[in-house]
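Have a look at these structures, which come just after this line.
Common to both upcoming complexes is subunit A, partnered first by subunit B, then by subunit C.
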Partner chain A sequence: MTLGAPLAIRAVAALFVVLMIVFLLAPLVVVMAASLSAGGYLVFPPQGLSLKWYAEILADRRYQEALTTSCVIALLSTAIAVPLGTAGAIALTRFRFPGRSAAQLLFLSPLLFPTIVVAIGLLILASRLLGGSSIAVIVAGHVALAIPFVVRTVGAVLEGVDRATEEAARVMGANAWRRYSLVVLPQCKSGIMAGTLLAFLVSFDDAVLVLFLRTPSIDTLPLRIYASLEFSPDPGVAAASTILILMAAFVVLISERLLAGRHVVG
Partner chain B sequence: MTGAARRLEPALLLAPGAVALIAAFLLPILQVLAYAFFKDGALSWSALDFTAWRRMTDDDYHLFVGLRTLRIGLIVTAACLILGYPLALVIDAASARMKALLFLALLLPLMTSVVVRTFGWLVILGRGGPIARALRDLGLVPNNFQLAYTETGIVIAMTQVLLPYMTLVLVGVIGQIDRRLVEAARTMGAGWLHALRHVVIPLSKPGIIAGSVLVFAITISSFITPVLIGGLKLPVLAAGVFHSAIAYNDWPLAAAQATALFAIVALVLLPYALTARGNAR
Partner chain C sequence: MAGVTIKGLAKSFGKVEALKGVDLTIADGSFVALMGPSGCGKTTLLRLISGLDMATRGSVLIGDSDVSRTPPEKRNIGLMFQSYALFPHMTVKDNLAFPMKMRRSYDAAERDRRIARALDLVRLPAIGDRYPRQLSGGQQQRVAFARALIDEPSVLLLDEPLSNLDARLRDDMQMELIEIRKQAPITTILVTHDQTEGLTLADEIVVMREGRIEQAGAPRAVYADPKTAFVADFLGGANLIPVSVAPATGGGWTAAAANGQSAPAPAPPGGQGGRMTLMIRQEHLRALKPAETAEAEVQGKVEAVAYRGQTAQVAVQALGQSLRLIAPPDTAFAAGDEIRLGWSPADSRLIADGSQRG
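After this line comes the complex of A and B, so read on.
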């Protein structure tokens, strides 16, 4: 909509965009740079270059355990959220039925609802009914947080797919199993893959739910980073954070390609 | 396939997800509401109990925390709009290649753990960070100057966290504006700025409202960034929920604080949700 903007404005716009990119990426760049420090203090720019802090955290048992716990929680949450979200997305995009907008509200609202309210609610529920929190409670919470992302990615892909093939399969007498395994699910494939990546990332990155629901024996990678920030962070924290940044970069690049311009957020 | 089976199919598809969301999302929210208004969360008239609310409203501390939360929310929303609108205009006008690049610059910080982004800001805004050092070298600020542990610091970090949301919403709306309207204004002799002010901005109003509501709602319920950047001296509402629940084990107070937060978010989101539905029809 900047149709025919004067040259001066184009120049200002170019400068503005560069500044905004710096502003948006600055915290990530600073963390990645600080992780390469050879010195013992967390500073930017780093003192000397080395990978010793990566070796340090990979050998640190607390980080190993946190990484394992994070992976277990994220894999379980993803394995549950993806099928549930995919089925929901198919129902919401392919069918018209009474109560559809209520179902849509339920399946999408964890995206907008303050996570902290859900977190304190889960804590109270778990304490009253289950005698306390556990990995299972955290996974249940992450499933709820991740389902909307799967619904959005799969829904976005299904919206763009011709329904004729599915109708044809139906009319030609394919049973439900053949219709889903041979037509509908292959149609959703790129959405399911993007949804899987996003669901994993949502669970792996979460610090709010786990801060409320952690027990003395549960520590995740974001929790480790959070805890060390409250005290005195060393370049090892930056190395752990860089792992999270690289993971996010991987997910963003792949899911952008899978969804081909259909954005999930916004 | 019979009509009955066809009606059953969406129900079967939705059921597992609905059960999970009711158990892990809806029930926890109802549990919070129960604890905010009833003694031990017992749903009966005799258990109706407002002492948690009285404790919250009697204490000036909670009032200050609430005001700080709203102030940060408003400033961050304004900042995101001021930075996000021109950014969205540029993205809309950019070539396909440039557009893809700018989307990556928005999505990468959006998808990075908020703990990590806040960590980056702590380094940048801290006493030894590049900003403090540059200002000190210029002799503009005293030796112990830093932006970490200040409200300004919280606002800067939160703006970076939320700018992608605002920009993505605005890009979506600006991209849908009929280009011929802008062309018409231009051929009729409207200057660039005039066309922007009288055509593009009014037509993108739904996006401006949607983006602002989204950013405000997320900002006031954020927890990690204000806690780590503000420290204990500058608590916000969400931090209050955490401290009441975890440090003091005071569930009724935590539930009342969470409900207050939820009420503000709902108050902002509801009119928007209603008008958005009206527009869609």
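After this line comes the complex of A and C, so read on.
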């Protein structure tokens, strides 16, 4: 918006921005407020104020187990997605090869296609080849969902790394392994860290893929919230959701910091 | 240390032929400047010597060994980039230690000694623990130079090392470069588009044009005796006048310009008259005072006087074109004045080729 725009247009624009913010934040605010309720029903506005539902769910074994499972899956997926995504980012930004733009699209495709398609595909494959799903299959799915985020965060930082530093290292006697481990990757540290946080979050927040690929013994936090909502919709659901929201907000804030102005998520 | 021999070296990028078969011998310990306008192939030649690009044809020898198929990490070369390419995530000390660690040249104690000595050499003894972003451009430049030298490479390559510095700092650094090289006489190849830099620093200059070497030789020799109008023009300050040369009646030669004016000329190359280019450098032309005479004289009309502090640059219409000359700063005439221009034919040169500019 320029300062020279007529007052009416600026007013309309300002109103539009405010409406957008309300529209985007309203659901989050409702859930967070509901979680603070002292009453027994999931309603808005909350009845009284208390943190008792947080204590409740944190003491609930089903929530504890779901949280643990979510963390294990997220950690495993992150540990696999980050090296793969980083390698992909290096390939896409540093090398010219036939089919490079196709590869670029392929790496981003899990962002473009509905998660449900990935989930169904994996389910068919898992039943046919492995006789059913397991934690490993879910992790594989989450790796696929998380890789695009890693490719984009690492790629954005890698674009800004002076290629001459790589060549300088080469002339100074560094072989390919040392050029990447000592010169290129350390300069991408902020992108790799942001990618790690986002990869963790993608896995941690996912409900769709897990819903398709779960086995009776697998329960994750988003699934637990969903199940509770179906059977006993108390403010504990809102408390668990708030924990998810706060974690996501924290991760996005940190990665924005790390990437300082480079647009990766949008 | 070693000399560098280049034989029939050529490089194509797709359909573009950046280097079209270059032969060059660089003596052990000498300082050579590769010069020319952008796109002349000087940077390509430097990258082929470093190994960062591989030649399409021809070979590169360092000392007696053919390194044409040797990757850069095994060539033992020091290369300083235009962007300096310091590692931003490492301190100055770690930057300087890097080549020695990669090549396992020395133990840790000897590395530290060499780092201290290198920082002394570039007159930055106290900055070892700083990061590159905490240094000024001039300091970064010196660290990059120290890093290229520290492991005693057989050849030192400098890619436009001073182009990112402001004019005063550049002058200081040129003097410093000459000093440092006296202490470490490594075969050095400098790429520059700045003709003054090449003339100042190098023992030998190589002027390149469109992927070929146009002329090579000692700076004074090439400056005084350019073989082509392109070289004369590139090295700067040359008035290039198309003339037709014929034997003069009283012996010697006469050059006649397109506007009918003529003046005594030096002996033409090959001893044959005809159409060629007369080169008179602007520092050799002077505006004659009323009583003053010169071996060669023409009438001219002042077009403009540009005051430059130490000198004044004057544009004079004569010999059918606008000639430049360097005059004392207190020069009294102004645009529109009729003056006589004088020079010594021995200072002028006849150049056989017709083309004036690349």
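Criterion: the second predicted complex is superposed on the first by the 259 of 266 C-alpha atoms of A that agree within 3 Å, B and C clash if a C-alpha of one lies under 4 Å from a C-alpha of the other, contacts with A are read in each partner's own complex, and residues count from 1 in each chain.
Quick note on the criterion: a contact is a pair of C-beta atoms (placed from the backbone, for glycine too) under 8 Å apart; a residue touches a chain by one contact, two chains touch by 3 or more.
These numbers were taken from a predicted model, which means no experiment stands behind them.
**Q** Quick check on the superposed pair: does A:L42 touch subunit B, subunit C, both, or neither? Answer first, second, both or neither.
**A** first
**Q** Between subunit B and subunit C, whom does A:P186 touch in the aligned arrangement: first, second, both, or neither?
**A** After superposing on A, A:P186 lies in contact with subunit C but is clear of subunit B.
**Q** Quick check on the superposed pair: does A:V17 touch subunit B, subunit C, both, or neither? Answer first, second, both or neither.
**A** A:V17 sits against subunit B, while subunit C stays out of touch.
**Q** Identify the partner contact of A:A79: answer first if only subunit B is touched, second if only subunit C is, both if each is, neither if none is.
**A** neither
**Q** Looking at A:R178 after the superposition, I want to know if it touches subunit B, subunit C, both of them or none. Which is it: first, second, both, neither?
**A** second
**Q** Classify the contacts of A:I135 with the two partner chains as first (subunit B alone), second (subunit C alone), both, or neither.
**A** In the superposition, A:I135 contacts neither subunit B nor subunit C.
**Q** Does subunit A have more residues touched by subunit B or by subunit C?
**A** Ranking subunit B and subunit C by residues of subunit A touched puts B first.
**Q** I'd like to know which partner A:L58 touches here: subunit B for first, subunit C for second, both or neither.
**A** neither
**Q** One more residue to check, A:C71. First (subunit B), second (subunit C), both or neither?
**A** It touches nothing on subunit B or subunit C.
**Q** Pick out the shared contact residues on subunit A: the ones touching subunit B in one complex and subunit C in the other.
**A** Shared contact residues on subunit A (touching subunit B in one complex, subunit C in the other): 170.
**Q** In the complex of these two chains, what residues of subunit A are touching subunit C?
**A** 162, 164-165, 167-175, 178, 182-183, 186-187, 189
**Q** Spell out the residues on subunit A that touch subunit B in their complex, using ranges where they run on.
**A** Subunit A reaches subunit B through residues 1-6, 9, 13, 16-17, 20-21, 23-31, 34, 42-44, 80, 83-85, 87-88, 90-92, 94-95, 97, 100, 103, 106-107, 109-110, 112-125, 128, 140-141, 143-144, 147, 170, 176, 198, 201, 204-208, 211-212, 222, 225-226, 229-230, 233, 237-238, 241, 244-245, 248-249, 251-253, 256, 263, 265-266.
**Q** Looking at the complex, which residues from subunit B come into contact with subunit A?
**A** Subunit B reaches subunit A through residues 1, 7, 9-11, 13-14, 16-18, 20-32, 35, 41, 83, 86-87, 89-90, 92-93, 100, 102-124, 128-130, 157, 160, 163-165, 167-169, 171-172, 174, 177, 179, 182-183, 186, 192, 195-196, 200, 214, 217, 221, 223-224, 228, 238, 241-242, 245-246, 251, 254-255, 258-259, 261-262, 265, 269.
**Q** Using the touch rule from the top, collect the residues of subunit C that touch subunit A in their complex.
**A** 50-52, 71-79, 81-83, 85-89, 98-99, 102-103, 147, 151
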